[in-house]
Structure formats: C-alpha cells, structure tokens
Amino acid sequence: MTVAGPRTPTLLEVEEVGLAGDPGGGPPTSTGRILGKLARDKAALLCLVFLLIVVLMAVFAPLITKLSGWGPDEFDSGAINSDLGGVPHGSLGGISGEHWFGVEPQNGRDLFARIVYGARVSITIALSATVLTGILGVVFGLLAGFYRGWVDQAISRVMDFLMAFPALIFMIAILSSLPAGNRPVLLVVVISAFGWPYLARVIRGQTMTLANREFVEAARASGAKNVALVFREILPNLRGSIIVMTTLSVPGYIGTEAGLSFLGVGVTPPTASWGQMISSSVSWYSVDPMFFAIPGTFLFLTVLSLTVLGDKIRSVIDAGEAT
Amino acid sequence: MTRYVIGRLGGVVVILLAVCLFTYLIFFKLSPDPAVMICGKTCTPDRIDSIRDVLGLNQPLLTQFWEFLRGIVAGRDYGTVHCSAPCLGYSFQTNESVWNMLTTRLPVSITVAVGAAVLWLLAGVAGGLISAIKQGTWWDRSAMALALTGVSVPNYVLALVLQYVLVVKLQVLPFPAAPAFADNPVLWFESYLMPWTVLAVGYACLYARLTRANVIDTLAENFLRTARAKGLSRPLILRRHALRPALTPITTIFGMDFAGLLGGALITETVFGLNGIGKLAADSIAKNDQPVIMAVTLLAAFFVVVGNVVVDLVYTALDPRVRVTSS
Amino acid sequence: AGGESQTSAGPGGPAAQGGTVQVLANAAFSHLDPVRGFDGGVNNFYRLIYRTLTTQGAAPGTEGTKIGPDLATDTGTPSDGGKTWTFTLKDGLFFETGAPITSADVKFGVSRAWDPEIGIGSPYAKQLIDAPASYQGPYKSGDLPTIATPDAKTIVFHLKKPFADFGSVVAQNTFVPVPKGAGAGTELDSKPIASGPYKVSEYKAGASLKLVRNDKWDAKTDPVRKAKPDGFQWTFDLDGATIDERMIAGQGTDVDAIAGTIQAATVARVQTPQLKQRTLTGLGGCTTYMGLNTTKKPLNDVRVRQAINFAVNKQTVRDAVGGSTLAELATSIQPPTVLGRVDYDPYPSPEGKGDVAAAQKLLTEAGLTNGFTFTLDTRAQPKMQAMAVAIQQALKPLKIDVKINIIDTSTYYEVIGTPSQQHDAAITGWCPDWPSGATFLPPLFDGRNIVAKGNSNLAQLNDPAVNAKIDEISQIKDVNAANAAYGELDKQIMALAPVVPLLYEKVLTLVGSNIAGAYLHDGYSGGIDLVSVGLTDAGK
Amino acid sequence: MTDELFVVEDLTVTLPTSRGPVDVVKDVSFTVGRDDTLGIVGESGSGKSMTALAVLGLLPPGARTSGSVRLDGRELLGQSEGELRSVRGNAISMVFQDPLSSLNPYYTVGLQIEEGYRAHRGGSKRAARQVAIEAMERVRIPDAARRVDDYPHQFSGGQRQRIMIAMALCCSPSLLIADEPTTALDVTVQAQILELLAELQTQTGTGLIFITHDLAVISSIARRVLVMCAGDPVEYGTAEQVFSDPRHEYTRTLLDAVPRIDDEVML
Amino acid sequence: MTLLRVRDLSKQFVIRGQGGLLARKASFTAVDQVSFDVALGETLAIVGESGSGKSTTARIAARLLDPTSGSVEFEGEDISRATGKDLARFRNDVQVVFQDPFSSLNPRYTVERIVTAPLTYQGIAPKGGRRAFTRELMERVGLNPDHSQRYPAQFSGGQAQRIGIARALAVNPKLVICDEAVSALDVSIQAQVIKLLMRLQRESGFSYIFIAHDLAVVRQLSHRVAVMSKGRIVELGSRDQVFGEPRDEYTKTLLAAVPRINPEWDRRRRLSKGRS
C-alpha cells in the first residue's frame, strides 16, 4: 500500500526560509539570562567592574593623566636618587601626592601614568592575541579532530611545523627582520601565528573523542552539515577546556609581549606596556618592591577577573544542568 | 598500526627538513652576515671576504643548505678542520663543535624537564582533582586562586623571589648550579629543586585548572553513577573512572609541554645559570651564532615533532572510541 | 688622568700564597685562542696563561697602563727611523709543555694573525707589520718572510711605515708565542698552550674554566705577575642579579670570589659599611657617545650638532645607566684614562643638565625653530634603550622628535657600521686598545677610514683639517708628545660636534671577604687585575 | 512480616529545578522479601528510576530524601558514602535504564564487570576475568570469551543491557534492582534472562525489584506490584489483585492500553 | 512507489583478533546480504534477535555508517555515495530516532534547542517562534511543555526517548527510522505516540522503518515485517503473513515466546470492568 500525495506540513505549521534566515539557533534565553544572573553575582560584578575600569583607563588615558599631572614619558629627576643607582626618594617607591603610584627608578617617570597608558598596549595585545589564537586554535583543532583523514594530516602537519620552532627564537628573528610598521599589530599576528597550535591540538584530541559520540550522529541524521556538527554540537562540549586555556593565555601573552619588548622587538620605547614594566622591575625587586608590585597587581587582577568571569559564565550556562 | 607509525615517522622527517630549510632561510638570509660578526670590531672588507670563503658563505644558498644536510649524515670539512658525522658545524663564536655543545648540555635540560614534569603533574593533577571533588568549597576556591596567582607571576620573577627567600634569606638551599648526580646526590637535588619548582608552577596551575574542568564534566556522567553503584572504593572511582577520561585530553598538552621543555627551558635555565639547551639557545640568539641556533632549533623541533607523534599514539591507545575509527 | 679616576685600594691587605680564586662571570670568554680574542675581559684573562713581548703594568692608576717588558728584555729597539723593531727574549722561558720559548715561536704566534680564519682579534700586527699581500698565515702560506729571527732569542719586525709606539703594540694578544706548527683550526680555543703562570686544566665551554699552576713558568723571569693563588675557577653565564646576590651574601666559596660590575638596582644595597669595604670602583676606560651622522640633513649643519650637544641632559642619561655611582658625565671624546687627555667642556651646561636656551639659539640660527625629526639607533638592551629615551626626552623642548630604532644586539655593530644602513644617530661606545689617543681618535674620525662595511667612523666625519692633523701626529716620534697632540685634536674635533660624548662609565664591583690584592686595572676596561689578585687566607 | 528483606517506608525524593524543588517521588512504601519479586510499573517519568536511585543514595546532586529504607533491618537512607559502599554492588545491585551512557566508554566491558566483583570479593585478576566471562555467557552474549575485551560502543543495544545485568549479578546480591532491564531484548532472549533471574532467586534467595513497562512480564514474574503515577504510589498489592481487580483509575487505563499481539489491528 | 531500496547490504566490523595488541585484525559480519524495500507511506517493521544487526542496518540506511558492500537507493538515487546537496536533501527527508535515548541528546543543550535543531540545520524557521513550536511538539509526545528549558539529564529515560521522537518529527521527513523508539514508554503513552505516528502517516504519507521487540506493537502498526537473525533477514513478508503463517523457524520461536498477561487475571479484570 502506498500513500502518495502532496507533502503538506500537517503536524506543525512551518515555513521555509532561505539559509540566511535565523542562523543563530542558540538557546534563545542565553544572553539575557546570563547577564541577568551575572549581575546578581557579587564576585562576577566585581570582576566586571574592574575590567571596565581597566578598559576605561585605556580609553581615556590622556584625560586621566592630565588630571594626575604627569605624562607617561615625563622624566622627574627630582624624584630619584642618582647616587644610589636611581632608586626613588622616599619609601614605597616614591608614592606621594604628586606621584600616586610612585615613580620608575632611574628616570622618575610617573608609574600611574605608565600603568594607565600601559593598559592600552598590554590589554589590546593580550586580548587580541588571545582572541585570535582562540579562534584559530578552536577552528583548526575542531576541523582536524572532526574530519580526520587528510584534513587532519594537513592541519596537524602545519601545527607540527609551527610548534617545532622554538617560538621565542623565531618571534625575535621574524620581528627583528620585519619593518617596524605597526608594532602592536605585528606582535599580535606573530604571537598568534605561533600560539594557536597549542590550543588546537588539545581541541583536536577532545574533538576526536566527541565526534564519535552518538549525539553527533543524531545531529547528522537531523540534517546537520559537517560545519554545523562541528560548531553547534561539538564546540559547546569543549567549553571547559577552552575557557581554561584562553583565560590562562592572557597573562602568557602579556608576558610574551614583555619579553619581546625587552628584547627590543616588541613595542618601542618610551611606549609603556605592563609587561615591559614588569620585566624591567624584576631586577629592582629587593630595592624598590613597589615598582614590581604595582604593575604586577594590575596584571594579576586583570587575569583574576577574566578567569573568575569565565568560570561564572560557565556555571551560569551550566546552571540548568546542575541544579 | 605499524603502517601508521611508519607513515608518521616519515612525516617527522619531512617536517624536520622543512623546519631546517625555514630556519636556514630565516637565519642565514634575513639576519646579518656572520662573517661581519666574526670579523669583529676592527674589520676590513678583505677579511670579511676570506671568512665568507672558508665558511662557504659565498656559495648559493641551496648549495649551502645541501652541504649542511650532508654534513649531518656524512660529516664535512671546514677549511683545515674536519667535522665528523653527525656534523652540525662549528659555532661561529666559540669554534666548538655544535654537536659537542648539544650533547654536553642536553643532560641538564633533560634533568630540568623531567624533574619539573614530575612535580607539575603531581601537583597539577592532584590539585585539580581535589578541587573538582570539593567543587565550590573553601579548598576549591583557594586552590584555584593559588593557581591563578601561579600563572600570573612571570617565572623569572618567581625565580628571583624564591632565590632571595630560600637561598639568600633563609639559606636553606644553595645557589643553583648543575652538579653531577654521582658527585653529591643531595647537593644535586637541592640545586635542581628551585629550577624544577619555578618551571613547574606555571604548568601545574594550568594543569590543575584543566583537570578540574574536565573532572567536573566527567563527574556528571552516568557511568560514574554506575561505578558508585558497584560499590567501588572512592580512590578507585576517582582514579579509574573520573580521572582517565579527564586526563586523556591532558596527555596532549603534557606531550607538547614536555617535548617543548626537552628543547630547553630558555628563561629558567638563563635565570639560574643552568647550562642547558635553553641557555645555549638564548646565548646563541644574543650572539647570532647561526650554526648553534640552527642546531638548537633542530633539536627542539625533533623533540616536539616526535613528542606529537607519541601523543597521538598514546591518545588513540587511551581512547578506545578514537582507536576504532582510526584503524 | 682626571682626578675622579681614582681607584680605591684593594681591600683585604696583601695576598697570601695559595688557594683558588673564584670568578663569577656573566658571559663566557669569547675565545681562548690569543689571536681570536680581543676585548678588555679576555685580555685581562690572557695575562694569566699567556705572555707577550711586552705587557702593561700591574698596579692601579696610570702605573698599570705603563708598558714594560715581559718575554722581551726591554720594550724594543727601533731602527731605520722607527720602521724596524728588534726584541730580545729573556732566558728561562718555557711553554707548559716544557719546551723552551724561542723567537721562532713568537714569530709563529704573530704570523697566525694573518690567517683569515683565526686572525680575527687585535688588528694591529697586520696593520703595521709588512707582509706579502697574499700572505694567509703559517698554516696556509707557511713562513712569514718579513719577520726575522736571526737567533733563538732575537726577533726583528719590519713595519710598513714608522710607528713610534710599537713597544705598546707588542703587548697585544697577537704577540703570544705559539709552538711552531701548533694551534691550527680551533685547537687553541679549547686547549691553549700556556706560557704564563697558569694553565687550563678543565674547560667546559659556556660553563666553567679551571686554571692551575703552570710549573714551567719561572717567577724570576716575570716582574709583572704576582700569581699568588694556586688556581682560578670561573663559573660562566650566571645571571647578573644572581651574581650580585651571591656576592652580597658571600656564602661558602663565594668569599673567595670576584665578579664584574654590579647592576644598577644593586647600588642602593651595597651602601652598608660592611659591603662598602668590599667594593672597588673606578673608571672603565671607555667613552659612551652618540654619533651624529654628518651626511644626513639637518645634522650636516654643524650648528644643529652643536645645539644637540648643548641640549642633551647628561644627568638623565647617567641616571639611565645607574646614576653617579656607575658613570661620570663625559665632556670630551677621550676618557680620563687616556694619556695626554685634556679635561675641558666645549658645550657646558649647569650640572650637565643641558642648556636648552643655548641650543635653541643655535637652532634658530640654523633656521630650525620648529624642530625636526631624526632617528636614533640603539641596541636592544635595557640600558641602551634607557639612554636613548633620556636623549629623546631631553630634545623634546626643542621640538626635536627622536625616533628610537632598536637593533638586535648581535647585529647592532654591523648595521651602524654600514653607512648605507645607518640612520641619523647611534649610541655606542669606544675603548682604547691601549691608553693612547692613537687607538681612539683616528679610528673614529679619520675620514679616509669610512668603509662600506665595518665602519667605525659613525659620524662619517671627513674633515680635511682633522685628517691632516691625524697624519701629522702619526709622524711624531715621541709617544708623550703624540699623546698631548691627540688631546688637542680632541678639542679640534669636538668643535665640529660630530658626536655627543655622554658618559664615562664606571666600574663598581664587590669582592669576596677573603679576597686580597684586588684593584681595578685601567688597561682592562676596569676589570680586577687578575695577575695580582689573591686570597687573604689561602687555607679557608 | 518481620523477616522482610527490604522495606521502604514513606520515601519522598525532592529534586531541585530552576523553578524550585519538586517532589518526584512522594511517600512511596513497599516491601520485598527474600526470593520475592516486586514489580514497579507506571507512567514514564513517574519517579520509578528515582525511587531506585534513592535506595542506593545515587540521586543527582542537590536531591533530598525523607522516609526510611531498610535492608535486613539496617537503615540505608542518610548513611555516609563509606557505609553505603559496602552495600552497593554487594548486598544491593542495580541495573540502570540507559546502558550506553551508564557504561564507561574508556574501558572494556570485561574490566567493568570484573572491578565490581573484585571490589567486594577480592581475588586475582584472572579469577575475576573468568567470572566476567561466565557472567557474560549467562546473559547469552555470544562468543563471550572474545567479547569480554570489547568496548561498550561495540555492542548492540540489547547486548549492552545484558552486560549491565551481568555486572549486577556477578556478586550474587541479596537485592537486585533492575530498571527496565529487558526493554531492548527480543522476546526469546528476554525469556532466557527472566529464567536466569528466577533461577538466581531460588538459588540465593535474592529479592528482586523489577521496573518495567511490560505488564505481561510483570504478570509473569512479580509477586507484588507497585503502580506509580506522577510521583505518587497509586496502587500497591499482589500481582493477582492489581491485574485482576485494579482499584485505581490509572491502573485500569494502563491495563486497557496494553497492546496484545492478538488484538484487532487498527490499521 | 518505492521510497527506499536496500540491496545486498553487508557490514563487517573490524575487530581485535586473538593475541594481544599487535594482533592482526579480524572482521565480524554484523549485517549480511540484507535487501528490502520501503514504499511511500508504508511501515516496514524489523524485528529479531538482539545483536542481529537491526540497528546497524538502520544506521546504514540513514547513511550514518558506510556499508562494506551493497547499495541503498532513496527515491531512485543511490545515496551511499551521495555528497553535498544530494546528501543534504536525503538527510532532510530521513529522520532517525535512536535506540539509546540519553546518548543521542547533546548534554549541553536544552530540550528546546535539541528539538528545534533539525529546523535550524535545514534552514527552516518555525512559525510562531521556537518556544511555541517546542511546546506544541512536546505536548504531542506527552511531555510537559513547561520543561522546554531543561537539559536532557533532568529527564527520565522515557521522557528522553520522547525528546528524540519529537526531534525526528520536528521537520517533515519522508522516512522516519525508529530504532526501538517506544520501548521505554509506558503503555498508555506508547499508545499515544503510536497513534501520532499513524496519523502522520495517514495525513502526510510518512514511511517508517520501525525496529522493535514488542511484537504486539509491531503488529499494530506495520504493513510489512522483516525478521532478522544473525545478520540476515530470515523472513520478510506482509504483516499478516509473518504473524499469521510464519515460515521461518526463528520467527515461529519468536512468536511463541511473546509474554502475555496472565490470561486468567485479564479475563477477571475485563469481567469486573464490564460490571462496574
């Protein structure tokens, strides 16, 4: 017995739309609900506020330093003791009404102004490198792990190739042979180019496991194309690793930027960056601990805020599942 | 399986060749003329030329590269000196055989890497596991806060601070050096303890957080309920059922990190004055000592690429679902 | 010499016989082969294992830079109007192998300098001694006919042109004797053949070096080297901060240790009386300066260069390297340790803080009221960058915009030494090979020395009057008169302002509490004279 | 009845949800004797599985329970993990409803059967492996000696279910809770498994709680039946009573809905 | 009109041979020379022994697994080698309900997201919005629509199974492959779901491949029945033929083993019902 006839939607009214229509498909509640929940969480709110302050600092740096009185590059020889190797006068690294966070040894530049301006460089570089490596790492890791076969071979060999180079050595070699141009952009590109395979390999491994899970097969049967399988079905199951690895890469990249700046291939002086401040403060740790403590604290708090926020977002998303 | 391994090893050779060539191009083409650097402070164009001649720098680049590769397999001659296989050339700066430089420094790097790896695996995995089990408790929060502090502190800072506290102030450890194990095992251990710790801290923090995230995911799986229903002891449940799925992805990272370290822990070795591959790399970059850079790169590349092959094999061995489709 | 260059007397009293001196070093020696190595640190070290025909003294201050006989019986006998120099060897000289040191060995050692592969150190032998144009050293070209050894004790050098100070030249490392036929390739870099009081017993490149007594060395033949300790032990490649920590802590064998200059951050920590007792300070003997490329606009205008000379705040530059403890403000090109140097300040400003008004006046004259932009090359080193920033900051009020261009340390000299790649200005330094203007002004300012690669005349100054003066001085037979003339030449050059002398950097070093007989040697970039240092208590 | 093996009294299970706590099991009481079988039937989502999980303290995190659960007079509810451990898999075994996700994909089924046995009975690896193979043979897995080293994803749905049963049986528990253990089995294999369970009961006096939707199976093996609907125990009595004279409306609806192979065909 | 045509399908799994890790691979034939057709608007039931290859056959028919040999044609086109658009069209037309309820639901998504996933994947927007669409669908399969924001782990086995069914019915497939789709449902909900399936067949002409062990259910809704044992189809015929006059020995055993409610009790209940 065969029942032929026009295939009219009867069960539920559906209307066909082109592929352009409604590509989101995510849980409709997410953004609103997540923000709402975060706003109610004290710790998350604190982190958000801190990050906001840092961002505002970066954006309004010139304005802020006008208020504080000292520019980031202005020397203040009066604030340091030339006979003692250039340590700041006074205790606590020269903290005073004039220099709110004290001054840099050897030249007396205002630490507050440098922190404010440094936020511009460091945050931009670290966050964009994190985002870029995050995207590259996740996308290529997913593709390699999902497709296996020659796609995996190709991506994996490229990763092997990039990872095989001692990254720091090559960043130096490449950066020093490239024209100066826009340093921060260059830094981001080079750091990301060498950074993504690390994340990608982890993602690849987990993807290989997940790709064999039955729900992926189920989605395939539902008509999901491979790309949808990879990004809609597998990706959400990787967020634990992704959140951990990307939040932790922020201090890593700030450190890399510092190292490269220190070696002369990063941002050019007198531009301030947190990393550069931290690495030049290292040798002063016993004489002028504040010089290290101040940029160190800012870096630490930024990373802490990002991580805590990452964890909170994750647990808010999880909330439905766990409780 | 065997075919797969052979194929991968073939891939290793290809990658190493590519790395070689690329390094060669970058350092021999993009960076300044080694002859000028050898030539020193007071230098004449004539002398530069004759140095170039001896080093074979006047030949076309590909010929030079070929000579270099051949040297690795068959040895080669430089002017009046012979360099026997595996010949990686002579340092422009110290005139030492690069091969010798590598072999004398490798044990130090291996000691540093192995010790640190043991430390960070133990600390990271244990910390992450306990945090995951006690999720949300006081212990969990403080452990994760500690982990954050750990990664946020650059390791050269940690190195100096540790040195200041433990060696200078408290005098419980000697200043780091690289004594031979056989001479004085206690001193050996004490000397390496700080480098190990400094190196391990950053990794331990990352591993702890990853372990925690993965274990939490695993703890929610139904099969964990089954394990509990069987009345297995808690350690067994955690070790076998929770940790194994959680750690499988971590093997990937561990392989990369460990292999990377075998190629030298640049900063730690430099800060502590340990004569390993990392310090050699740092020095040779500072001096633009191309043959050494080349060799260090190759060695590091070798470890990383082989490490990746091992990781892939281990991964498939650890995860049966991956294994089946890979055959 | 300037009054500030006073070297503090060595702590710890006279050195006792015996013991091992520990040396904590930042970097390893470049080469152990005497014709390869050529810098203050390695020259100082070579005196422990090698001897040369003559050598510098062993004492603080100018006594130390005085040339005296070593292997030779005197500082040489010139003839032929200073074109031929004859030296006679002492009796009782032996290599560590027990073989006697003959004039042929000295000749063999010198002729190695012509080998393009290994003769990369001191250039003076090759520059001054006459040799066939095609000569490529003894391993390739065999015997060098222009050096005569009429007998085992006598050696005769024929120069290309007369050279009054040749007695100082034979103190260079290239004049170390090498047993005939030995030392091909890299042999000496790993296993030197000692002629001095010590020999190498163990050498781990980049890690450590151990010296023990060379019992074939006879103290009676050597008035210079006290050689009190039984040995030396170097530990290389230590982190600067670690060295400072260890020296301050002074635990274990570190009481027997010496080291290089401390870091700026350590200055404040060595101010306690106990530590002050253990510090040595003095000039390093070099000048740090900023070269102004006279071929580039607007630096080709002497008024602009003079304006910059006026405007630079040398105080902030000094603070950048560690303040008054670690450097003095420079006024002339030649540092105070150079003989015949005149102390003067052509571009004075209050406390060296820069005279912006004077500078502005000159710029206005030059029509640059609105300032200009120039690029300053500097090394990728924190200290160098800090100096560049200080200069940049000092020139800001003049609306001079300084673009800092950082160049990798390893390639820095190549870049700035290549006129086609060099920018408008560069920060660098120069140390004399021996304390005479002869090794300072001609290499830096002789316009005929400008070469396409490896150029050291960074200002690219090609002034006929200066060139003529250089030629004139080279004709002066009397060494002292020549040095005095160089002092005047210094003034003549500074009037053209091709460079901005910035600093005379100082050495500040801590020694272990058991160290005796330590003083800074002016001839070795202010390093502790190794041939005199020893231990107070050798049994410790 | 004093020598009841297993007694549940007024068991209530409360689960947290985003809309506040929800009672998914309300005041359930029943008893199971030795060599006795209790059948639990009911609406899908009525709390059958939660009842079973509550007994062993395996509820999802955040769940609360009240009432009393006693095995041989020993209270189980609110016991520490440590005390429950000796009971789980030993005195009380459980067959879970969803076999694939309940088996650890990283280990061979053999190991997963063995480990429970060794946790309670000890013995060598080899002996345990033999036990595992025998258990698999008993549940009719073909070629058990080879398949003992296969991984869960290599088995068919019914085979996985049987592996869960094998796992539960290998320690000869005094109480076996089987949550829909035969839904994925064809009728012949199902019959064999049921026979196996009956055999076990007569041999060792095991009490059996059998959760299923298959009323025919219940009618053939259960002595007593508990019917649940939306968390409530709507009917509890002997099988004969429940099947022949259902008191509650829901039970009647349920029995009416049972499809019979000889029913008239609607199609 | 034949919708799906399966011919000589075989599937061999590579399995570990004897002798440790390095042993040679052996193979195991899970499906052996299976052929059948499914017509438009028809229900083909597959029954048979556990482990006889039913799920494997279904997977191959849905092209979730590649056969070792044999062909699968859908609407006259060989889909075992289809790619791109053809494959996408095939996937849109064929939906699968999986045997294992939890494993086939993405643990990270809410029911709403899971149920509407096929729409998203096929670029269809539900009329009236996702929320309403989901609620209606959930209601149809007997789920509480208020639970649309819950995650799979918060459901019971039978509920999870119904989520799977709802997902398959969210789009308008031509063929639905139900692998033990109703086994975890209580009989009343089972009846509701079966009615739904049959209505859809009547109204929209769905075809089904219905794998089940419950022969009573199979008899209710199948047009034709295939009986599998040890990887082979041992009997394939119309429902009445297979149930009425089974030819194969295995089919007979199967039918004989069907459990029934104690007939005595059943009779008594009917009587009492009649009385009340």
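Labels A, B, C, D and E are assigned to the chains in the order they are written; within every chain, residues are numbered from 1.
Methods note: a contact is a pair of C-beta atoms (placed from the backbone, for glycine too) under 8 Å apart; a residue touches a chain by one contact, two chains touch by 3 or more.
The structure displayed is predicted, hence computed values, not measured ones.
Counting one step per pair of touching chains, how few steps separate chain A from chain C?
Step count on the best path from chain A to chain C: 1.
Which of the chain pairs holds the record for C-beta pairs in contact?
Chain pair with the maximum contact count: D-E.
If I average the Cα coordinates per chain and compare with the overall Cα mean, which chain comes out closest?
Most central by this criterion: B.
With chain centres set to the mean of the C-alpha atoms, which chain is at the far end from chain E?
Ranked by distance of C-alpha centres from chain E, the top chain is C.
Just give me the whole-number Å value for how far the CA centre of chain A lies from that of chain D.
50
Measure off the straight-line distance from the CA centroid of chain B to the CA centroid of chain D, and report it in whole Å.
52
Which chain D residues reach two or more other chains?
17-18, 98, 100-101, 153-154
Please output the residue numbers of chain A that touch at least 2 other chains, ranges allowed.
172, 176, 212, 214, 282, 286, 320-322
Enumerate the residues of chain E that touch no fewer than two other chains.
Those would be 100, 102-103, 107, 149-150, 153-154, 223.
Touching chain C in the complex: which residues of chain B?
Interface residues on the chain B side: 31-33, 36-45, 47-48, 50-51, 53-54, 79-81, 90, 93-96, 101, 104-105, 160, 163-164, 167-168, 171, 174-178, 270-273, 275, 279-280, 283, 285-288.
Please give the residue numbers of chain A that touch chain B in the complex, ascending.
Touch residues, chain A against chain B: 148, 153, 156-157, 159-161, 163-166, 168-170, 172-174, 176-177, 198, 201-202, 204-206, 208-209, 212, 240-241, 243-245, 248, 251-252, 255, 258-259, 278-279, 282, 285-286, 292, 296, 299-300, 303-304, 307, 311, 321-322.
Please output the residues of chain C touching chain B within their complex, sorted ascending.
Residues 27-28, 30-31, 33, 36, 38-39, 116-117, 119-121, 123, 136, 139-140, 184-186, 189-190, 204-207, 235, 237-239, 241-242, 245-246, 248-249, 251-252, 408-411, 413-415, 417, 443, 451-454, 456.
Inside the complex, what are the residues of chain A that reach chain C?
Touching chain C: residues 73-75, 77, 80-87, 105-108, 172, 176, 180, 262-265, 268-270, 280, 282-284, 286-288 of chain A.
Per the contact definition, I'd like the list of chain D residues that touch chain E in the complex.
17-19, 41-46, 48-50, 60, 97-101, 141-142, 146, 149-150, 154-159, 162, 179-180, 183-191, 213-217, 219-220, 239-240, 243-246, 252-255, 257-261, 263, 265-267
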